[in-house]
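Two complexes come next, and they have one chain in common, subunit A, joined by subunit B in the first and subunit C in the second.
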Partner chain A sequence: MRNPLNEVHVPVVDDLIEDDYVRSLALAGIALAAFLTTLGIGGLLFPDSIAGDLAGIVFNAGTATATARLAAPIVLAALGGIFAEKSGVINIGLEGLLIISAFVSVYATSLVGAGNTVLGLPAIVVGFLAGIAASAALAGVFGVVCIEFKADQIIAGLAVWLIALGLAPFMSTVFFGGVNTPNLGVSVGWSYSAAMVVVATAASWWTLNHTAFGKHLRAAGENPKALDTVGVSVSRVRHAGVLLSGVLSGVGGSALALSIGQFVGSGETMVQGKGFIAIVAYLFGNYNPIGAFGAGVLFAGLDAMQVRLQQLGYAVPDTLVQTIPYVVVIVVLALVGRTRLPEAAGEHYETED
Partner chain B sequence: MSRIDAIARSIREFLRTFVDLSVAERLLISVAAIFLSVVVGFFIILASGRVAACETAAWTMPVTGLGFCYDPFQVYAVLFNGALGYPFAFGEPGLFNPDWTPFNLSLGLTLSETTLLVFTGLSVAVAFRAGLFNIGTQGQLVVGGLATALVVVAAAPVFPTGRLGGIALIVIGVFAGAIAGGVWGAIPGALKAYADANEVITTIMLNFIAANIAYVLVLEVFRAEGSSVVATQYVPEHAQIQPWFFPGSADFAEAALLAGVLFVVGLYVLIEHTTFGYDLRTSGIQPAAAEYGGVNAKLTTVRAMTLSGALGGVGGAVWVLMSEGRWIASVPDLGFDGITVSILAGNNPLGVFPAAFLFGLLKGGALEIGFQTDVPTELVAVLRGLIILFVAMPEFFRMIGRYAGLDGSGPASGATDDSAAASEGGEADA
Partner chain C sequence: MNPAVHLDSITKRFPGVVANDDVDLVVERGSVHALLGENGAGKTTLMNVLYGLYEPTEGTVRIDGAPQEFDSPRDAIDAGIGMIHQHFMLVDPMTVWENVVLGNEPTTWGGLRVDADAARESVRELSARYGFDVDPDARIEDISVGVQQRVEILKALYRGADILILDEPTAVLTPQEVEDLYAVFEELTDQGKTIIFISHKLGEALRAADDVTVLRDGINVGTVSTDEVTREDLAEMMVGREVLMEPAADPREPGERVLSVSNLHAEDDRGVEAVSDVSFEIRAGEIFGIAGVDGNGQSQLVETITGLREATAGSVRYLGEPMDDVSRRERIDRGMAYVPEDRQERGLVMSYELTQNGILGSQHDAPFASSGRIDWKASRDHADRVIEAYDVRPPDREVTAESLSGGNQQKFIVGREFERDPDLVVATHPTRGVDIGSTEFIHDRLLELRAEGKAVLLVSSKLDEVQGLSDRLAVMHEGAFSGVVDPETVTEEELGLLMAGESPDDESVETARVYEAAGDGPHGGPAADEDDDRRNGPAADEEVDA
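On to the complex of A and B.
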């Protein structure tokens, strides 16, 4: 029998080298490298100028560790978003998944008590796992709502964000008496965050491009009918994709909160739009985990730089500097423009019996 | 027993006439979503009341004797009764509170929120009908409100201080807000039309940018002298929209609500009964067909987003001129709540009014919950999210409808509806 999956055309992989997109990405990479080199030389020649200060910031260990810390939620949520969207479910609720895991990881750690262990696991590890579980559970609900009850994915994703935005500060007030939790006194080092980001990126890339599951996932988003014809359940694959987005975002949200040892629930919470920036990161990376990694690190680096700029006491108002990553996101999105959504993303699939 | 059956049957008959009507169905789904959210919220209150620490139990569950720190019945009673200023006197001999007047502070606060949400809800609804998801109403409101405050403060010395001068200033201020909000809304519209940049992302980013830029502008340039918070100067008293009957501390003016109602009717006519509205709707439903039919879809996209932004800007103007009297950096989440309002209203301008009133109630009620109970007021934000989630899944309610026999294919009783709702509640809790 002919295997219809062979005919599933997956342009992102097939045309990777030919793609204009990759060329422009390479160009952007070279431009960035050139800029950094100029900055570095300028900084060395004129150490007292603004260029010197900027170079000091860019090539600074503090900036590097801050980037690693801030990149974790963006890159991991972006990887999760790729899995969900590749399978055909647009998960705009990544922000909510980050929020809920950030809170639950801190709560669970404080419940166990910093320094205590459960079954040999330190409290902070238990917190990490609890954060992942909470995020996966919320993603599971989102999956059921979208796949079984055929909800509008954008609105349901928005609901996930709004529910988490309400629930996390609500629970924080119930348990700790305020929207911000007290500091745990323990935290996860930046090197762990960096390691998780790198491992997750590599694993996601491998899973998507070199496993049967990855092929099913892409088929569920591009041509669900073909997948159905070879006898693989489309909705099961999509549930898996959405759950994976929950697990990965859970790792990211827990890493964000536990790297500080506290959950901040005021305003937009400590997540502050990182879930939405993650969406742009994977769009920028054109659904390629490595591209999403690059974009995520770039956005995190911008964020880290503005923190350092503030510490150096520049007269530029810090709020204006904070705006840079958001402007960059819009410019990037306008330039990259036509990102190609998976063919069947956002659509419900009815099994034909 | 047979009598209950008969009642159930007649209710079913009544509902069946609605099943095929899409507007009525939407209405039914919205009501069911609200009900379901209240049910789920009930369990969230119970669960959090079980784990919270308190001296004495506020509510003890019958039969089991378990004590809870929060009393869910009291929470809901305070939420809805309090938002209206306690017209009902529970547990008293007469059901109604004899001291209640309609022009009380709580109802004023509720209606103030309602008024603002009418504008932001309309803003989101207009974009939605054009097939655009404007999450940027918040940013458009921030920008529009700032423009209003600055223009009115700058123009005030030119106009006489009488009533007429005040009205002129208010009109100028609202126009300034509409223009600024419209420009801010046109940006994602143009990006969508000509660069194919997803408007969901760009509007979210523009929200952050608007908040930051407005903050810096006011902090560095326009900050009122001696102000401890980041805020502009107050607009002169006569340029603020004043209440007729309600107490001034409620920050509510009947005239603004009336204007909101006019906007609702105006937009309904615009969307349903004009050529522009037709272009808007067709490019929302079938962009390719609209283009084929001679509609300039790109231009319609920009226009729709500009109109949407202008409405958000008017919302900001009303917020400045009615609620605050100045632009202040802590802008409430009116734009985000506008999304909820629009979705609950089925993106129909006529539905925006009742939906805005419901969220006005929740807002007014949240304040009362803060005063009267120990339950965190963030509960209301959770309810908001739940309502959106349930409205997003009409298929779920259709399934229940089919299960309950609303399509006439089988007998059922009203009880199945409730038990299905309750089990769903447990799931969403997780």
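On to the complex of A and C.
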């Protein structure tokens, strides 16, 4: 399949970036920036037009903060998904990890009581830690089932999602008398979410590209036997990858719930498919944390814009906007066609003795 | 001085099988030692004991005289042993240096950063020391198999290996790369390293090793120095009986024209021309051999003939009919058997049982199918027949193809294809990875097919094989035939020159009985005729109407 963007040549970009896929993404980014600039200028010149409204939304601080809030679970879960999948375990249970951590973080915060402290830690921090622990524990179970007992990763991943989808609203009903918890009246500021996302993206990038663990992770997903024969335990590396997906998703889920101080458990819960969009985000970013960050922010930004447009009276159906990530991934796969799965992803590995 | 390796009465039992029975092996420091034996003789098991993958049931491993107990390869690595597996243990998308240091990465910043510069430097230093030409920053997937093997050796050396074990190191190499590997052996032993390599090829043991230990059915038949032993002696030690080294092909008159290829052109997967203007034909009762270094268009030529690749120009006629629009399935039905080059990719479905693999290609036909249903009884009987006749081990039709060793997979494919009752057999590397006993058997079967009046196209990179079996022998170089010769009279030197694309003196190569297709294909212009003349000499005047 030919990537039409390969035919487009921009001198500076061509010099800087060798990799075709990254180059394509960079070109797309430049095009988006150009569009936004045009929109901004259009909006300034004709404030009463649709362009004006759109510009108003895009350059609105509210949209930016909403984007930061919505991006946290997507980007963090996507980073987690990268760690798991690079190690050879496809974790499609990210959605479930987000749900369970969202609920547990709110529950733990409410147990401590907003404003109280435990061991000097404010309730909200305890909530965060509890959410991360819950997500990591569920991921740990998933890892044991997949790596030690060689269960099918896709089915086990779906189970993680379904368990969390049932368990979180159920526990909410048990402890709070309804699928939605009451609002605790605490909230994590958008700047904290943004900071967590940026730090986690940078740290993930470094870990994957510049540490020995990152190399082992990659080898475990590409040719586990090569790793095994040099004396590194494949299952240990894979467990670490899966646990990291739990920890990062836990941060994302907790950040989502604690940013409004409530867990909403009706329907698809407040997570609303962000875990699946996270999978799309890291595939879009070709397993590169920075690419996943870009894709996550893009999807979150579109979601935030959609909400604002509705507030302004434009009837943009949110269901349509929610299909965007999936449409994007189909377009990307069709045109660029180079998202390359790790060779041994989804395969069990057995040592020879 | 103590020997580098001393395996002292090693016995390794698996449930129901004794893989190694009281085997002694002594390898001197600085020597090259070949471990020779047929498939299933216990060579790899013995080396896995030495490398710590298996614990011996009885016996002791001594390194430099000191008894060792290895619980895992890690212990063996620490004792200075490195193993280069037959299937390379490399991570394809990673670079050379990343692979070499994998698991032992030099780090800085308290372990938070892999020191890429130090790693590159180590790789460069080792490469320079042993005369390897390896770029530390190349990706594994971009380098040739021969270079990949060197990366494997570098990996072992980087971990401080003094004793290198290589499992069938030449199986995947071209003749040139094999020579280069022997040079590497010399360089390594000159610098005090000890090499043990596993092989089932006599010639390579004689050529590359100082000493040879022959294993048969898990028993050490003897250790001999290569100075004082002949091929025949070694073959007898391996097989346990006398072996006919040269397949005997009686000359016979060929019959009807079965396959004719004229002015064929084909491209490889990247769209580069891989076959350029090839013409030849094969008659019933004739074996036409194609020799050449792998990758000179043989695969594409064969695929075009068997219907797996489309020709860009020229034509293939089979039993007198053009094959342009004839599907692969139709070609099978018309009696074209094919032993593919890559047995795991194209020859077998690895996760199928042998019963199912045995009917591949004939699954829609009687006796294996009737009114859309597969007759499993007939299929099982067929698998049993192939297993029995071709000595496939284990003799169990219910095992999956992936659980067979490479040689046995090959025997099963050869059996399935030969038993199709074909008119034309296209066999590419039919004995690759197969032990001598079975090689002899496959050669005999090929000659029987010839005697039955079948046409055989034999492609092989083993010169003695194509030379010994073929009635006429073409040499392929860069997509074209650099010559068609009489295998009886041509010398290895002349073949070597042709394989390198040079023509030896015209007089020194006697051309074979040639039945060249008339150049009446779409590109059969004067240039092609001239080409034919140069290639075939005076014998080309025997015209055939197409």
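Following the convention adopted for this analysis, the second predicted complex is superposed on the first by the 311 of 353 C-alpha atoms of A that agree within 3 Å, B and C clash if a C-alpha of one lies under 4 Å from a C-alpha of the other, contacts with A are read in each partner's own complex, and residues count from 1 in each chain.
Everything that follows uses one rule, which is that a contact is a pair of C-beta atoms (placed from the backbone, for glycine too) under 8 Å apart; a residue touches a chain by one contact, two chains touch by 3 or more.
Model, not experiment: these values are computed from the prediction.
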Which of subunit B and subunit C A:232 touches, first, second, both or neither: second
First, second, both or neither for A:167, with subunit B first and subunit C second: first
Contacts of A:215 with subunit B and subunit C, given as first, second, both or neither: second
Touching partner for A:137 - first (subunit B), second (subunit C), both, neither: first
Touched partner set for A:122, first subunit B, second subunit C, both or neither: neither
First (subunit B), second (subunit C), both or neither touched by A:327: first
Touching partner for A:145 - first (subunit B), second (subunit C), both, neither: first
First, second, both or neither for A:223, with subunit B first and subunit C second: second
Partner touching more residues of subunit A, whether subunit B or subunit C: B
Subunit C to subunit A touching residues, read off their complex: 53-54, 72-74, 77, 83, 85, 89-94, 98-99, 102-105, 107, 111-114, 155, 159
Subunit B-facing residues of subunit A, complex: 92, 137, 140-141, 144-145, 149-152, 154-156, 158-167, 169-171, 173-175, 179, 273, 276, 279-280, 283, 317, 319-320, 322-323, 326-327, 329-330, 333-335, 337-339
Touching residues on subunit B, where the partner in the complex is subunit A: 44, 48, 51-52, 133, 135, 191, 195-198, 200-202, 204-206, 208-209, 212-213, 215-216, 219-220, 336, 339-340, 343, 376, 378-386, 388-389, 391-396, 399, 427-428, 430
In the complex with subunit C, residue positions of subunit A that touch it: 206, 210-212, 214-216, 218-219, 222-223, 225-227, 229-232, 340, 343, 352-353
